[in-house]
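One chain, chain A, links the two complexes that follow: it is found with chain B in the first and with chain C in the second.
Here is the complex of A and B:
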């Protein structure tokens, strides 16, 4: 014990844990502020913010699912090769022979389905509680971008098993891009602007004129690197903005409780 | 800023809102402001000469132009990078064998898997239907028993001619260009399409007259 006390008084310990355990207002605030992970939390939480009935905790659950998806996704990347030759077999390998492979893939899949749901429920809650109103308009817009990014992540991940369901679902999905105004070869003013099947927005998306190996690679890179990165940046803005706008919204009369 | 720069009598230390202590120190160093030397990056007053802007502004503009140019060129380059020059896809034009290989009244699925084309032989000739559902692009199936094309995705149905009659498909199947090559084989080009709704099915190329 004496050793522990000595250790706690050492410069090494103090340089990491910069405050004592004393249960004072100041210490409790410092514990939050001095920690890179905890500082995302507000130092003081209004009483109404802990009311599950008000927030449903949907934003937090969505973020938790995003973390689950990131971790399980990275784990899946150890076995999955995004080429037409191997993708389907690697998925089968993961599901049948890799230890805990089915658990990781199922967690990834179910968390992905759940995240789409929780994002929508979160949006619904924000709408019902009027939390999109001033000063939170900007954060609503950031949220809409995050919703779109979630759907794009879901869609791009759908192709990666490279089975018939995936290929045809993405074929159907990307065929809609043909009709993009100005940028699609079957969309309004597309042909007039020189859009053909091999130079329009769908062509960039697919890396060809039909869903093929280049599409798999493009969707893989988008799913694993580009989209999560963009989503993480917008999430940082989203969370920061919640704090800047006065924390989780609550009833007017109890706002400063 | 321009007004401040023109005021020759103000020493740099007094120019900013510095604490009083520093001001005092500065005034001790130079109690009376020295006459300002003519600066090279500024034209004499009322005579801009060829210099419409100061050297600092010029370099600033040049720097920003260079930076923006770099960004624009990089963006254009990155966009171009996403358009591959070479596609490893089956060629759109192919030879489908001799007309005698096909049976009158039959829908040939021989080239469906590889080329996504049905070749239909009638009593008076051939036409080629592209096997892409006009709803959302799945591959329909030819059901000889029902004498129709049926899409497994959403249930669209097409007559043997390619005209849609059930399900969500908004328009008939597309026909591909079909002709006889010099060696007597049927030659089909999927990149040339004939659309029913544009009254293109009567055009030469959409139908290959053949009796024999």
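Here is the complex of A and C:
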């Protein structure tokens, strides 16, 4: 024990932990502001903001699921090649021969579904508590963009297993792009503007006239790099604005009633 | 019955069951809290405005929630495998071909609308409409607490859009649309050889105006009929403005806000009307409506 005490007084220990763990108001505050992860929070919040009945915890759970998806996703990338030749075989290998491969893939899949669900519920809660009202209007817009990014992330990941489920779900989804007004070759005024099957917006999306190997590569890069980066940027803005707009929403004060 | 159990227990469909259960639970939960607040002078949230320290009072909630979520996720992943079907094969189209579950509401709308509306215009309107909400809802009350009394219109409109037009259509699209996107009741078996006898007619044809002339060009009378109906429907907005423009609410809203609100609401109502025009006539033995307005460039 004496050794522990001595260690705690050493320069090495003090360079890592800036304050003692004794339960004081000051230490509780330092615990938040001295920690890069926890300092996302303010030091103090109104009591209703800690009440799960008020927030449902859905925004936080969505962020947690995003982190889970990032970690499991990176692990999956070690075993997956985004080419029509190898993608499906890599999936089989992952599901049958890689230690903990199925667990990683299942967690990625189910966390992705769960994230779509929690994003919707988060939005529902924010609406029902009127939390988009001033001064939080802009953050609601950022939230809608994050909702769209979540759906796009999930949709682009849907193609990667390169099985029947993947290719046909994405075929059904991307077929809608043919009908885009002005920009699709089957959309209103599309043909009039010179849209053909090999130059319209769907062609850009798929990298071809049908869901094929170029689509797989496009969706892979979008799913693993482009969309997560964009989502991370919008998330940073979203969280920062929550703080700047006064923290978790709530009635201004009881004097207003 | 066997069939519906099979579909519900398909691993990829579990999120929809979760969605249904959680949406019903949270709607009830928020409703209870709102009604309780409405009955009180001061909402519960306003009486909980004393400050507490984040360490430990918020951090411990987050910590426990993290453990719970991770536990559920790991168990879910241990016991249920993510689906991996046969290798991708462009020559073999599954019937029914379905989009991922969260897009099935939009896919269901394809029954009632052409793809450019169901697949492009409506999703765009949903996103733009959602983003517009904070700027068109000028009701200052109900900011930061559960209530129904203070924002009846906003809550009813949003709940209708989310619960009926989004969640219910997803459930319908997943559980009741079988081969050929035909409708099957939960107790019916999905029969791939089932052929639905459907004779869709255009709305003008119900009034004796043929859509096309004998040379297959579009009948100007039918074109005008549809134009008057569709454009007339959207003039409800301006008409209501002219009628009510001197009321306090309209003055507070202003023309731009009002124009956006009325356009979004009429579009949402239009979706409902088109669904009704398609589903209800069959119940009376009349042919369902395909298009309200047929033009050489697009059909509505």
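The rule we apply is simple: the second predicted complex is superposed on the first by the 246 of 257 C-alpha atoms of A that agree within 3 Å, B and C clash if a C-alpha of one lies under 4 Å from a C-alpha of the other, contacts with A are read in each partner's own complex, and residues count from 1 in each chain.
Convention: a residue touches a chain if its C-beta (ideal position, glycine included) is under 8 Å from a C-beta of that chain, and two chains touch if they have at least 3 such contacts.
Just so we're clear, the structure is a prediction, and the values are computed from it rather than from any experiment.
Enquirer: Between chain B (first) and chain C (second), which, if any, makes contact with A:137: first, second, both or neither?
Expert: Touch status of A:137: second partner only.
Enquirer: Touching A:92 in the superposition: chain B (first), chain C (second), both, neither?
Expert: The second partner, chain C, only.
Enquirer: Regarding the shared-chain residue A:210, is it in contact with chain B (first), chain C (second), both, or neither?
Expert: both
Enquirer: Pick one for A:46: touches chain B only (first), chain C only (second), both, or neither.
Expert: Second partner only, chain C.
Enquirer: Which partner does A:70 reach: the first (chain B), the second (chain C), both, or neither?
Expert: neither
Enquirer: Any idea whether chain B or chain C touches more of chain A?
Expert: C
Enquirer: Just checking: does A:117 make contact with chain B only, chain C only, both, or neither of them? Give me first, second, both or neither.
Expert: Once the two structures are laid over each other on A, A:117 reaches chain C alone.
Enquirer: Give one of first, second, both or neither to describe whether A:198 is in contact with chain B, with chain C, with both, or with none.
Expert: A:198: touches chain B, not chain C.
Enquirer: Classify the contacts of A:171 with the two partner chains as first (chain B alone), second (chain C alone), both, or neither.
Expert: In the superposition, A:171 contacts both chain B and chain C.
Enquirer: Regarding the shared-chain residue A:127, is it in contact with chain B (first), chain C (second), both, or neither?
Expert: After superposition on chain A, A:127 lies in contact with chain C alone.
Enquirer: Enumerate the residues of chain A that count as touching chain B in its complex and touching chain C in the other.
Expert: On chain A, the residues that contact chain B in one structure and chain C in the other are 168, 171-172, 175-176, 210, 212.
Enquirer: Note which residues of chain A are touching chain C in the complex, please.
Expert: 25, 28-29, 31-32, 38, 41-54, 56-57, 60-61, 64-65, 68, 84, 88, 91-92, 95, 102-103, 105-111, 113-114, 116-117, 120-121, 123-125, 127-134, 136-138, 140-141, 144, 147-148, 151, 154-155, 158, 161-169, 171-173, 175-181, 184, 186-189, 192, 210-212, 249-254, 256-257
Enquirer: In the complex, go through chain A and note every residue touching chain B.
Expert: 168, 171-172, 175-176, 198-199, 203-204, 207-210, 212-214
Enquirer: Which of the residues in chain C come into contact with chain A in the complex?
Expert: Contacts found on chain C: 12, 14-15, 18-19, 22-23, 26, 29-30, 33-34, 41-59, 61-62, 65-66, 69-70, 73-74, 76-78, 80-90, 92-94, 97-103, 106-107, 114-116, 118-121, 127, 130-131, 133-135, 137, 139-147, 151, 154-155, 158, 162, 297-298.
Enquirer: Under the touch definition given earlier, write down the residues of chain B that touch chain A in their complex.
Expert: 82-84, 87-89, 136-138, 153
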